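Read through the structures below before going on.
In the two assemblies presented below, chain A is common to both, partnered first by chain B and then by chain C.
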Partner chain A sequence: MNASAPVVGAEHLSKWYGQVIGLNDVTLSVPPGITGLLGPNGAGKSTFMKLITGQLKPSKGSVTVLGEPIWGNPALYFRIGFCPEQDAFYERMTGLEWVTALARLNGLSESDAAATARRGLEMVDLLDAADKKIGAYSKGMRQRVKMAQALAHEPQLLILDEPLSGMDPIMRRKTIRMIKEWGRAGKSIIVSSHILHEIESMTANILLINQGRILAEGNVHQIRDLIDEHPHTVYIKADQTRALARAFLAHDDVLSLRFEDQAVVVQTGRPDAFYARLTDLAASGELGAIHEVTSPDDNLQAVFQYLVKT
Partner chain B sequence: MPIHDQGYRRYGGSKAPLGQGWTVIARAGIRAMFAKRAFLGLLLLAWLPFFVRAVQFYAAANLPQAAVLAPTPDTFRQFLDQQATFVFFVTVYCGAGLIANDRRANALQIYLSKPLTRAEYVFGKLAILATFLLLVTWVPGIVLLIVQMSFAGNFTFLRNNLFLFPAITVFTFVEVLLVAMTMLALSSLSNSSRYVGILYAGVIFFSSAVYGVLYAVTRSTMFSWISFPANLEQLGNVIFRQPPRYDTPWPVSLFMIVLVIALSGVILERRVRGVEVVA
Partner chain C sequence: MSARRTTPSLTRSAARILDLSLGQMLWSRRSVFLGLLLGFPVLLAIALRTIDILYRSGMWRQVNGVKMGGAAIFGMMIWLLYIRFIVPVLGVFYGTSLIADEVDDKTITYLFTRPIPRSAVLLGKYLAYLVCTILLVLPSVMIVFFLIVPIAGGSIAAAFPSLLVDFGMLAAGLAAYGAVFALVGTRIKRPLIVGLVFAFGWEPAVLLFPGYLKRLTVAYYLQALVTHEMPQDSAVSLLMQVFREVPSVSVSLAALAVIIAGTLWSASRAVEHKEYVLEQ
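Our next item is the complex of A and B:
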């Protein structure tokens, strides 16, 4: 397969559950590297994940993974690792036994599977607990052992469904770092989450999904450019908020304005021009000190909210 | 001093080709069952009738007073009839959780995201149950035939009843296929192995009870096709060249057996999925 060829491609992909539509006429291509799949609960993320892991048959359209159709093509699973959102354990098995058993299903001999499972557990920092029963694992450890089974057989493509859910902040940070390292090591990873900053910290390449439709795909900054027609919110904490507000209102790109404690919150239609003027004002000091400038829009959450509203 | 590379090393060994996943499922399941002492006890118990029959064959071959105990083809038919009790217990003990436990643990989603088809998964599970069922039916049946020859010191009985080997084989394989498919289908319907066990017992006893009531009312065995065990008995007698036990034509019994197996296949096709789709 060409190194730059898409790892997942969908053409008019739709999935109905009886009368309910899970995914609606989706056409996209996921490039190699790390891609974040974002959307609220019920957006169609899980349906998309199930379609690209071949667990659901498309009602309409087609989906290819690593250049081959995934439905009814179990040979492709040698090259894919899937970490489901739900727990899928035999609690009486140890982590090592469980990962070994699943490595055996990937065609490895018994001794190779055990060695591979150990390596997988080591990669997710779980080797110390390898011989403990899964029933005694914490939620975070369960997530990691699921990831170990997904990557133990060294797949080209890792599909991780909400891998960070239930992890404590330290483990979350470690896992994010781990995912980024795998990405750097040449693996393609599709990771779903409904927590936007988690995805943002892993990758800039995202797919936004809502109500069964892909809202946007590509680089988060490009997506931000696409929604320039939406007002951009800027929060400015300053000594003389009223004087600042008067200065802002002299320009027609300022669409609305309100006061919050020691701050003024401005909505502008042309953020670049607004920031340029604000920089000048701050530098001149004419209207007192400006202590803090933040933009609630300067993150994925805002992008997502904008797109959902349209 | 050499400095070894501590970096990640890719797996360089061979991988089994597609289509062998069922052996992994089967081996793991068989090993898990052999690890259970209670199950081993049940298997040993299931071999008791074999030893009783072996003693009978020994006596018939060596003690003139025991000539009445000499085996006939019906002896083997009766032996397999007796084993039906153990078939029931082995099926419930070993089979009830085969798919139900995977469903409860959500394991199907992970299994089926590996290079394993649904058919291979079902076949692997079927192989587990079939192995143990054949261990209490076909294996002792065939060994008993060998034991008879050994004690008699000649092949006369076998030569006169050449159909016995295929009869034991065909009957036990049909029995095992029917029982195992039914149990797997029931196991795929629930997440609780206990419930599945009760359900299976219910199917067996309820079908027999309905037939029993109809027999009591009509005094005819024409309705034996309703009973799950009666269909097997009827077919068994035909295979062993014995007079039929019921008035139901044997093709009807065979049809019922095939129907149950086909129905079980349809249930398994619908229920064994990585993702449960509620439309």
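Our next item is the complex of A and C:
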């Protein structure tokens, strides 16, 4: 498998549970590097994660991981590490015992597995608590020990399902930094979340998923381009909002307009032209001072919300 | 480490699952509960021994009108309490939950995303069940043996060889019932109910009547392995003696081996192909 080959490929991939569709005709390829899978709860993220980790069999279509089908192919798990979303453990085991036991399932001897487990726990900054029972771990520690078992055997592809869930802000920042470091070290990582700023802080390469379909894929700029084909919202805080509104309505690219407290919110179909005119108006000062111009679409959160609403 | 590698063998993988699962199984709430169940024969043995000491063995001549030694009482307890009740109960409660427990606890994900055959998870947990239940049953049977056999002047030394046979029979029973209920647990919805109906409805019912149906039970093959003589003078025991068709020991052992291998193979196939959808 060459270095630029997709780490995950799906062709018309569908999964349904009885009458309920979990994933609907998804075709995509995930490039090497860090990729964020974004979607609200119930969007199909978990189904997608289970399909690419071989826990579920496609109802229709196909999925390949590192160039091979994953369902019924246990040898592929040498090259994959999976950190599931669920908070489930053998609570009576210590972190070290648990990660060692799982590393042994990768065919390692007891001593090699213990060394591998220690390395994994060190990578998630949990070596100090390695001999504590998992039942006594905090939520953040439990998240980290899950990650340790996923990466201890040095997989080529790490699949992390909501890894930041339940972490405090400091640990969250640490984990994001770790994930980025692993990415820089050459690992491919697929990380899911329903919170955009988490993903945004890890990678620009995202997959947006909703109602079992991939809404968009690519880097932030490509998704912004996609957004630009759709109505774009601009929030303008100014002294003379009504005069500004009259000026905006003279142009047909303004689709809608509403007033908020000392501000006017405009929806435009041609953001570039709109911003050019707005800059001219602000520079001339004809319609009073313009204090603040922001676009809810300027950050990824709004892009995500915008897309999933469509 | 990410170079192409082959998965560890089924037996090696199963051994590692056994290692991982045994401690969890031994210290589970289920084991505590079933450990208490195994305390019942011990309490009964203590009561019988106390009566023996108090009444100087005289009352044992009154049971069914024939003299019963401690070895015969022990044999009855092995058959009626252990083989016909405790062993099936252990088989049902552990066997049907080998995979279900991991699914309910949502820990199955960690095992199914490792480079081992899925069937190794079932086989490893089955082996853990066998070790766990033998460790639970063994002390109970030993205590009962030492309490009951000396009753009415019975000799522990003389009865000891039959104790070893009893252990073998109990192990065979645990292995066979565990395998059957592992299959029930992997292939059938509501496995606990189905398992209990099989063990305490189907088996006792068909064993009472002549015909071929009793061959579809585990108990039919286990009874051939019983070495103890039972008192036979009551109407019920005489009736049972008429209908009692016991296969030879070799046939029974072969049949039990086929039952264990066949049901485990079928259960393994089910685990290999089944999707386990964990509730979010």
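For the reader, a short list of remarks on this structure follows.
Rule of thumb we're sticking to: the second predicted complex is superposed on the first by the 295 of 310 C-alpha atoms of A that agree within 3 Å, B and C clash if a C-alpha of one lies under 4 Å from a C-alpha of the other, contacts with A are read in each partner's own complex, and residues count from 1 in each chain.
Criterion: contacts are C-beta pairs under 8 Å (C-beta built on N, C-alpha and C of every residue); 3 or more make two chains touch, one makes a residue touch a chain.
Note that the structure is predicted; figures quoted are calculated from it, not measured.
Superimposing the complexes on chain A yields a three-chain arrangement in which chain B and chain C clash.
Residue contacts after overlaying the shared chain place A:Ser109 against chain B, while chain C stays out of touching range.
Touch criterion met: A:Pro155 reaches chain C, while chain B stays clear of it. In the superposed pair of complexes, A:Gly18 makes contact with chain B only, with no contact to chain C.
Of the two partner chains placed by superposition, A:Gly285 touches none, neither chain B nor chain C. Residue contacts after overlaying the shared chain place A:Phe89 against chain B and chain C alike. Among the options 8-16, 98-106 or 152-160, the segment of chain B that ends up inside chain C in the superposed model is 98-106. Overlap of the chain B and chain C interfaces on chain A comprises residues 17, 53-56, 74-75, 77-78, 80, 82, 84, 86, 88-90, 101-102, 104-107, 149, 153-154. Every residue of chain A that touches chain C in the complex is listed here, in rising order: 17, 46, 53-57, 72, 74-80, 82, 84-86, 88-90, 92-93, 101-102, 104-107, 149, 153-156. Chain A meets chain B in the complex at residues 17-18, 50, 53-56, 74-75, 77-78, 80, 82, 84, 86-91, 101-102, 104-109, 112, 116, 119, 123, 146, 149, 153-154, 185. Interface residues of chain C facing chain A in the complex, by the touch rule stated above, are 1-2, 4-8, 12-13, 16-17, 19-20, 23-24, 27, 105-107, 109-118, 272, 275-278, 280.
Residues of chain B touching chain A in their complex: 8, 10-11, 13-18, 20-21, 24-25, 28, 101, 105-107, 109-117, 273-275, 277-279.
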